[in-house]
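Here subunit A shows up in two complexes: once beside subunit B, once beside subunit C.
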Partner chain A sequence: MPERRPFSLLLVAPALAMVLALFVYPLGYSLVSAFTARDGEPTLDNFSKTFDLYGADIVFTVLIVVVSTALTGMFAAAIGGYLVLAAHPIAATLLKWLYRWPLFIPFIVAAQCMRTFLAKNGMLNNTLDTLGLVDAAGLSGLLDWRGIIVTFVWKETPFVALLVSGAMAALDRAGIEAARNLGAGGLRVLVEILLPQVAGVMTAGLILAFVTMLSVLSVPIMISGGSPTMITVDMAFRVNSYSDYGVANALGVVSYVIAGLAAWVYMRRNVAGEGAQ
Partner chain B sequence: MSEGGEMQRVSIILAALAGIVLGQLAAPQTAAQQRATLSLVTAGDQNMVDYVKDYLGPMFEKDHPGVTVKAVGTGPGDGGSQKIYEKLEAEKNNSSWDIDVAVIHQKAAGEMVTKGLLARYTAEVPTAKLVTSEAAKRALGADVDGYVMPMFNSQTAIAYNTEMVKAPPSTYAELEKWVQQNPKKFGYNGIKGGMSGVSFVVGWIYADAADADRLIKGPYDPETKKAWDKALARLAAFNKNVVLTPGNAGTLDMLNRGEIAMGPVWVDMFYTWQADGKIPPSVKLKLIGPGMPGQPMYYVVPAKAANAKLAGEFVALATSPKVQADGIVKRFNWYPGIDAAAVRPQLDEPTWRKLFVDVTPADLSSKGKPFPIAPYFNDILESYERKVQ
Partner chain C sequence: MKAALGWLLRGGVLGIFAFLIFGPLANLVLWAVAIQWYFPHKLPLTYGLRYWGEVFKPTSDAFVSLGTSILIAAITVLVCLVLAIPAGYALGRRLLPGRGLILLIILLPQAFPSVAIYLNIARLFYMVGLNGTITGVVLVHAVHGLVIAVWIAAAAFAAVDVELELAARNMGASALRTALTVTLPLAAPGLMAAAIFVFLESLDEFTGTYFVGVPDITTLPLMMFTASLAGNYQIAAITALILLVPSIAFMLLIERFLNTEMLAKVG
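Presenting the complex of A and B:
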């Protein structure tokens, strides 16, 4: 219906305007700012300062997010696999009900909880101590890089598990039964039958988790006081302490590049997948 | 959708429109009574917003029938002040601005005065003659005389657990030695997690600098920072034996849980937490030498505030001896923004003494330092990033 075209364009206009005004414009603005000195001249100084002062933080950020993503993938696969393969229906129902809870908890709340949970004399160590498993006096707290990873994995696993378990549940069970009949154990069915078939969904979920974790400020700032720290903290610090948007935006560009690489891996996989089909 | 449903929807929309129109018509009738809304924006923690909402606002509204005070917070630290600065900068070309009173930190105050965003209003405020502190004239080296009224003064000091530390160090040098003998018992929050850590680091540089006074008063020389290398190397070594805590509250949390025995804190936060039972009574304060920084927060009135006259009256109330005594000292454990001598008669002796029991007025005057002028301040932070982390 060509006569409806202008009307449909009109319908899409508010959404388009929002995207342009609230996303494309600020993105372009921050890119320009990253390459602009305080006096308005084009420069690369912001980037040399970024790598000079925050090089270690960039590496640290990538490591933290990669490790967290890998662990998230493992836990999500384990949860999804258990829900599909579980021999105990009650345990599966219980797990299904439990694992989604962290989805509804914001990062900042999770970080606040972990602050008391993971501290040296926090709930975790005190519980282990009370159970007689360890001596809390000799333990250190986990409020450093480990705390960041724990919080990220705790928060992102349900999201990926939700996607993965859905995809697994939708698979044809004949393959699983056949493998079982030939004597494959649960782990083998998970790794060799289920995971290859849901790899696409898993990658999509993990990339979303990766990009989300890359952008979180509250968790590293609330959990770890030490350095190196994540680049989101450095960005906030540049703006708050020096009003220095140039270097903050240069760090932002680094963050786009890292996120862009993840997206590129995903696209390549998809294209390869389509080619194979 | 059925036709009935469509009709119903249309009539709901019509009713809503009618409501809006009627509301508009009714508005002028109430306007005579509802004179104005004074909007106050404050940097700092939630307690700043609570202070205005629960205490100051209602008091002002009682004195000014028809006026409503609206308070909004922009978040802790210089970042909170930065947001206020950016908002005013963005509405610079408007004929009137939507902030009547702002509460900001020193760094932003200097910048905002330079950019012409603030009104020179204190001459019209009767309580201005009670303001005696140097901080009301200069903020990190910038001339702010006439543009700001201190809301309160705050100070950092070292909190220590008397059950774990019998003889607390009284200087930075002694603290350095103590940390060597007691590794991982001192904690502070670096420079990215809040101002108590920043203050500790600035104090470290003051302790080592040949001419600390120059850092506070200027003039600025970009070469000065080269002299700090040794002090920063020692700070890096010191950091190996300390716990880096997550934030101002993180240090207090760790003191509370007994994970560290000592750490720098804001005096007001410390007393408030102690009053709430979140810090055991066995933890005390000590202001160590040669000195640690503190800072005021300022009441300012933007240059084109819509309700400038009301704003002046509001600040006059907020800086009156009675409010400074009841609100600032008694409720929030801050040091008064106006001359302490004017506040003292308004307070009972125990309240007054509580504020000065660990950190005496003599300590405050000899060891309570301002932060350095802005360029030195940035140099200290960036040198720390470069050489200590």
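Presenting the complex of A and C:
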């Protein structure tokens, strides 16, 4: 119904205006602010200051997010693969019921759970100690970079696993059966047959998880107060303690670039995939 | 023998997995019912619900912030639906020129790391006096909720059969009447799902409220955060459990919808 087009634009206009005013405009504002000195002159000082003060935190952030994303992908692949290939329906049903729990748990609640679970006197150390596997007195807890990674992986794995197992379940089973008949083991079927076919869904899910991890402020503050920390914490600190929007926004630009690189990897993959077809 | 070993192995791995999923939650529950618990005791020394009484006192910070959270979430749902229903209709029916571009712009907030966006919104809101107001926090929650609301609404309207609308129009119903009595009721389940998603997202939102809500608006997540950093683990745990209730209820509720077919439609 092409004659209704102008009217249709009116229907989306309010939503579009909202996103333009409260997302695109602040985004532009942050880009301009990152390249502007306090006196309004254009400058790169904010960036040199950012790399001087927070260079280590930028590296720390990238490492944490990359490692967390990789682990999330591995666990999601393992869960999805087991659900599709498992010979034991009971075990598969149990796993299916188990893995989804963290999906709708808010990050801030996950952070509070882990703040106690991973502490020196938390349930993890205490359980291992009770089982006689470790001596809790000598352990320090995991409330540092390791705790951040554990929390991110715990929170993001169900989401990616849900997407991946859905995509795997929709695949043609003939290929799997053929590989099985030729003697391929479960792991080999997962790596060589299943994963290549769901790579697109997997990458899309992992990119969303990657950007989410770059956006979370509560987890690094609550899990690891010390230094080095993630750049989200530095941004909040720069604004709250010094009202230094220049450096905070320069860090923001760094976070866009990191997310942009991840998206670029995704796009390149897609283009390569289309070229192959 | 081999089968028994296999089950032992499977049981062991599933057991460890269950511990890793539920351990953190169990630790939270323990803190919620602990009165006294300090190092090196592995379990609380005394149990009780004393802190629950403190949290649910009508004058307590937690009770007030629960009210604020629900109020903000309810208004956010209204704002999102009012914006997302017409937008979702136009996008779902593919009536638009430049549909891809418009969809891309509306999905953008999900694709960028958001902390830098929020701190600039806070700076802009400060200039117009929206910082520390319910309106300001609702606007921030709504722009984020809009992504999911428009997406689901578009899918819901795309699933409504156009033939039914045409039939109503042929029998003399006006466009408005058709929309209200045919299209909207058929899309209602999808719109309901969108509303629940937006409500939960608003209820759980932390970062945006942290920047825009200060100093006057304390939602439940902010209050939990403050309690946790101050070492009030009981209060933090009880607040966290309150936040968990709607999330878990929602998960169990949509268990049956959360399957491949639904995800395929949304994508």
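The definition used in the following text is that the second predicted complex is superposed on the first by the 275 of 277 C-alpha atoms of A that agree within 3 Å, B and C clash if a C-alpha of one lies under 4 Å from a C-alpha of the other, contacts with A are read in each partner's own complex, and residues count from 1 in each chain.
Methods note: a residue touches a chain if its C-beta (ideal position, glycine included) is under 8 Å from a C-beta of that chain, and two chains touch if they have at least 3 such contacts.
Note that the coordinates shown come from a computational prediction; the quantities given were computed from them, not determined experimentally.
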Fit-or-clash call for subunit B and subunit C when the two complexes are aligned on subunit A: clash
Touching partner for A:Tyr99 - first (subunit B), second (subunit C), both, neither: second
Subunit B versus subunit C as contact partner of A:Ser215, first or second or both or neither: second
Partner chain(s) touched by A:Ser241 [first = subunit B, second = subunit C, both, neither]: first
If touched residues of subunit A are counted for subunit B and for subunit C, the larger one: C
Partner chain(s) touched by A:Gly122 [first = subunit B, second = subunit C, both, neither]: both
Subunit B and subunit C contact sites that coincide on subunit A, given as residue numbers: 115-116, 120-122, 221-222, 236, 239
Of all residues in subunit C, those that touch subunit A in their complex: 10, 14, 17-28, 30-31, 39-42, 82-84, 86-87, 89-91, 93, 95-97, 102, 105-106, 108-124, 139-140, 142-143, 146, 150, 200, 203-204, 206-207, 210-211, 221, 224-225, 228-229, 233, 236-237, 240, 243-244, 247-248, 250-251, 258-260, 263-264
Touching residues (chain side subunit B, partner subunit A) in the complex: 77-79, 82, 111, 189-193, 197, 244-247, 250, 253-254, 257-259, 378, 381-382, 385-386, 389
Subunit A residues within the subunit B interface of the complex: 52-53, 115-116, 119-122, 141, 143, 221-229, 233-234, 236-237, 239-243
Subunit C-facing residues of subunit A, complex: 1, 4-5, 8-12, 14-16, 18-20, 22-27, 29-30, 33, 88, 91, 94-95, 98-117, 120-124, 126-127, 129-130, 136-137, 154, 162-163, 166-167, 169-170, 208, 211, 214-218, 221-222, 232, 235-236, 239, 245, 248-249, 251-253, 255-256, 258-259, 263
